[in-house]
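First the structure, in the form of structure tokens, and then the observations on it.
Chain nomenclature is as follows: A, B, C and D, assigned in order of appearance, with residue numbering initiated at 1 for each chain independently.
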Amino acid sequence: MTTTTKGITALLAAGLVTGLAATALAGEIRIGVTMRMVSENGQKYGQMVVDEFDMINKAGGINGHTLDVTLLNDECKSDKGVANANKLIFQEKIHLLVGSTCSSVSLPIVDVTAKTKVPQIIPHSTNEKITQKGSAWVFRVPVSGRYYAGVNAKYVGENIGKKIAYLCAADAASQNDCEAMQAQMKSQFGAEAAYVAQVQEKEVDFRTHMQKIKSAGVDGIMIAALAETMARALVQSYEAGIPASVNRIGSSSASNSPVPAIAGDAAKGVFFTAAYAAADDRPIARLFNEMVRQRYGIHAPDHDFSQAYDLVRIVEIALGNADLKLDSANLAADRTAIRDAIANVKGYQGLASGPISFCAEATPQCRDGNRTAVLIAYTKGGKDYVTEVLARVTMPVDFGLK
Amino acid sequence: MDFDFTSLFAFILFGLTIGVVYGIVALGISLIYSGLDIVHFAHGEIYMFGAFFGLVFSEHMGVPYPLAILSAMVCTGLLGIVIERVFYRRLTRAGGGYTVAGMGMIICGFGMSVVLQNIAYLSWGADAEPFPVDLGEPFQFGDISLPKSYGLTAVIALLLMAVLHFFLKKTKIGLAVRAVAANKDIAFLMGINVPLMISLIFGLACALAAAAGVLIGPMQSVQVEMGYLMLMKAFAAAVVGGFGSLPGAIVGGLLVGIFENLGAAYISPNHKDIYAFLLLILVLMVRPSGLFGVEVRVKA
Amino acid sequence: MALLETRRLSKSFGGLRAIHDLDIDVEAGTIHGLIGPNGSGKSTFFNLVSGVYPPDPGSSITFAGTDVTKSPPHAIAKLGMARTFQLLRLFSEMTVLQNVMVGYHTHVPYSLLGTLVNSPRTRRIDARITEEMSELLEIIGLAEYADMPAAELSGGQRRLLALGRAMATRPKLLMLDEPAAGLSPVNVDNLLSIVMALKDRYGLTLLIVEHILKVVMDTCDRVTVLDHGEKIGEGSPTEVKDDPAVVEAYLGQEMDDEEVRQAMQA
Amino acid sequence: MNLLLAPFRGLVDFFQALARIHRIVPWLVAYVFLLPLPEILSATGNDYYIYLTNRILIFILLSVGLNIVKGFCGQVTVGHIGLYAIGAVTSSLLAINYGWPFWAAMPAAVVVTGLAGIIIGLPSVRLEGAYLALATLGLGESVRIMIAVTPALGSSTGIMLIPPPQVGSFVFDDFQKYYYLVMTAAMIGIYLSFSILRSATGRAFMAIREDVIAASVHGINVPANKLLAFVISALYAGAAGALFAHMPPGFIHHNNFTIIEMVTLLLMVVMGGIGHIWGGVIGAIIVYIIYDNTLEFYHIQPLTFGLIMVLLVVFMPQGIGGVIDRYLVTKRFVKLREEKSDGAA
């Protein structure tokens, strides 16, 4: 008891100090960010969110208000993500939550923000269930997994063949991509999977599967995994002697730069769907590529970067339209105003593959803003990889919903 | 459908080639166990450091691959000696094995693994680094193709074992090392510099882990988090072979490699890591002394 | 029937025969001594009888009319056998009182659940145990150190505590493994008088392994001599002392009779 | 040090005086003292601290439980977090798939975890020290991998929308309400831990820790008691897991139960002091406070924690609890000596 009391007194004291510091400044729009600041890529585009908000401040803020951004790392762990969200909401008293980048972290945070009535905008989580929870407070900038699968399957069925082997890693995004793809192949072409193997999230040795796939004689292999795992699998597929004529299909994380960097030549010919292609020839995309290259030393930005950038732009537009009081009495009202302002963003076309539009209803149709997937293929692997755009497909709003 | 013997052969071959690497790490773990009476939980991170050292030498400094292996071994060995001298020595002096200090050693090992992993992350970043080594076209056994790096790994592993065997059995220092492993008190009375030998054992074990790290680089790329899984497999290998038994470690490694590959191929691939654990637990429960281990006598 | 009987008791470690075909009877109510040169198997005998080592097949150990050859140590303890260790093996982080209370463990009649809810019955039993244990500490003279960690006791006090802890199991047979080792002559006498007091008070049977032969010769009713794991002599202290086979095995042939006598009386 | 610890004396004396009335009185008094904590924390305008307190209390339950098997009984287990996972998953599945209320699902989860504790504890019958650590590590990780790859157990997406506990129309769905639940659980846990330590069972555990062979020849059934220690600590882990799962937003995922969490738990126990009941409590509080205040330095957080762990083991193996204990014991002896010399004079 004695020590508990003591410890809790200490806790209390600490709470008083930080609590006061956090609420001292009014007139600021407080934005909390929780992201997976673990991988190199993750850290860089997390930093990009912060940098972009800083630039808005340097340019005079929004309607005279400055932005106060707090960035926390959730390591892609749901309990840490929830703790971060709570810390940001209750301690930092944020007006808007940005995050997370992992589906398994975004999923519980959706419940937290729905309950505390804080608008949440997601930079990069594709799991379908996030917007299907019916929260009126969540917005998704990236393309939902259900759209990706539809586009991918259509292309595969029409151009490659129907006999596809699947290697699916056990992380949430890859599982989702893999299952959705199989379902789409079935519903669009009636094609059953030729071979399916669930592998662990960070599997390093795929030779057993490659040997089996080799003897199964398939038209294509879909490798749904996080970047590094996918890269290893790609390399090992060539080592096992599966010829280049068998197409390699990536899940959406194939756009991450570690894939071509680690896989090297094995990345050549891999195609995937993403929300942005560095090979995009619009002037805005050229400028963006150059900016990311200079600021973060990234050879060619993937869609994580474009989505982070688009997210900041969307937030900027919404905050500009919202009528904010920014004092402690109006915290709840300001949060609602920001939510409504985001819901009013229509037809935003920045770097995103398609126009991003939100609306007020708490449905996936309203909250999955981007419906356009770009089909991309690597034409050269290695650290100086090159991609090409195969197609750009916009899906109907209801696609993939039951 | 007929049973596909080619595939079975392939799976066993894959198991053997990765098992050799488990075996080398297990060899180090076993060596430490017999020399210091501790199970080193940070050995996975030592292996990871070895891999990164190899990468730095080979990719960034342009040292030829075989030389890179040697240099990485030396650097990692020295790193190990420093860690052992600065941190572990106080605990091992208080007694390893079953004592309360032994429990401290386990916790200390965990702490050290976290520290090393973070240091590696700060130095080399979180992303996996490719470690391409061009050895030419893969070997072909009928329908099975095996990249040369796997063959090279097997050869180097055998070479390392032979050198270690020669060192322990035929050299004077090796004899001293074995004496220390057998009984420190008696070794001390025989005039052997026991602390120095302990450092040497630890350094050797770390060098072996480094060799494994550099060897596996071309197959699986190099990453900060690579240590933990390898540690588990190597533990399983060391236990299966019998803690403290050097040939046991290699045989254990091969068995773990084959076991998990067959499990992944014929039972279920996403439980792959569980098979190694399963084997570990099974062997511990049925025969804690492993295949080649000697039954430990309880001193009453 | 003797309280403790071993028949064809054998134990080998690897190729080494520590005990071979040993038949020993310890009669109830007696003080039985076990002597022999270093490495003759005395400690192994203790470890076999108390269940710490499993004996080799073919051996049999009977204690208080029960076959305990394959019993685990705690079951044997429950039947009324207690022992001390040469290296004491006290629970050094625990207090003196807790040490003896562990010894009392087999006789604690309350349940874990009772403890958790702190039932009146549990409290009554607790009070009784504490009282009984304090009494025991009084006898061995450690009452005032009851709350001190065992590690902080002096060497002599530790030996007494080891004795007290063994006594707390309320044994029929108490086996002492070199109880006087490392004690000054005054402390040896003190210890012996306490052991005798305990024996009389609780009607103990004693089995003593001792290097200080004076202890054995002065106190034992019967002595068994071991060499290389085999019995080479048995009888009253006087008989054994004069047995040439014993003398020879025990001290080697080089010494003359007078030297042997001196050595044995020292 | 004396100056730092001096305030404890008053509190200790106060509670010892209370204990003289009845063993349970100090606990009730402390409980009443702790009840209004959320209101106090809330008054600072920062409800996040209530959430943090809840997380700390869950970890207190875990580390107090771990201390029973590790600190009291001396068994090196590294699989505790696996038991925590079993408790969490069992309770949430019962609640979601079978509609069990929390009050039925949690006890069931605790029982299931207790049974799992037997399995995790079984190796302890044959193995010791490092071998045992390896076996339990393997078992604990196997639990996590099983959860990660089995869709019915949540696999990659985790289990979501686990309903919060409910009494009639009162739903424990915010931090403040949940606090009463976890605080009560933690208090009961600590109290029971004390009861166990003071009982014959507790003494048997300690005897096994100190010397297995001496314990067994003094009548202690070593395998049974080791298993019992594992089971008791598993019960704690099961309760903690269930409480974690049902805490809003009611989401669990296999990566909440990794080796990193296990290391954190170890750090708590080591920092607080292995074998000191308050150790787990102190450790959980300190580690969490440090953790929360260094969130923005995530680059070097593991380094800091790992280094603390290594240095603690090397230089202060008895932990903070050990230091406090030593201080109190020394004080008592000094007092005893003084009384004695007074009497003699």
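Please note the rule applied: a contact is a pair of C-beta atoms (placed from the backbone, for glycine too) under 8 Å apart; a residue touches a chain by one contact, two chains touch by 3 or more.
All values derive from a computational prediction rather than experimental measurement.
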Chain whose average C-alpha position is farthest from chain B's own: C
Between B-D and C-D, more C-beta pairs in contact link B-D
Centre-of-Cα separation between chain D and chain B, whole angstrom: 34
Mind checking the centre-to-centre distance between chain C and chain D? Centres are C-alpha means, answer in whole Å. 40
Once you find the CA centre of chain A and the CA centre of chain B, what distance in Å lies between them? 38
Distance between the CA centroids of chain A and chain C (whole Å) is 72
Where in chain B do residues touch two or more other chains at once? 270, 273, 298, 300
On chain A, where are the residues touching two or more other chains? 170, 198, 200
Residues of chain C that touch two or more other chains: which are they? 52, 85
Given the complex, residues on chain A that touch chain B span 38-41, 43, 170, 197-200, 202-205, 207-209, 211-212, 214-215, 228, 231-232, 239-241, 258, 261-264
So in the complex, the part of chain D that touches chain A is made up of which residues? 7-8, 11-12, 15, 26-27, 30, 33-34, 37, 40-41, 44-49, 51-53, 55-56, 145, 148-149, 155-158, 160-161, 173, 175, 190, 244, 248-253, 255-256, 278, 281-282, 285-286, 289, 292-293, 295-296, 298, 324
Once bound in the complex, which stretches of chain B touch chain A? 4, 7, 10-11, 14, 18, 125-130, 132, 138, 140, 143-145, 147, 219-221, 223, 225-226, 229, 261, 264-265, 268-270, 272-273
Residue ranges of chain B touching chain D (in the complex, touch as defined): 33, 38-39, 41, 87, 90-91, 97-108, 110-119, 121-122, 228, 232, 235-236, 239, 243, 270-271, 273-274, 277-278, 280-281, 284-285, 288, 298, 300
For the chain A and chain D complex, residues of the former touching the latter: 1-8, 10-12, 14-16, 18-20, 22-23, 37, 70-73, 75-79, 82-84, 86-87, 89-91, 103-104, 107-109, 111-112, 115, 127, 129, 170-172, 174-176, 198, 200-201
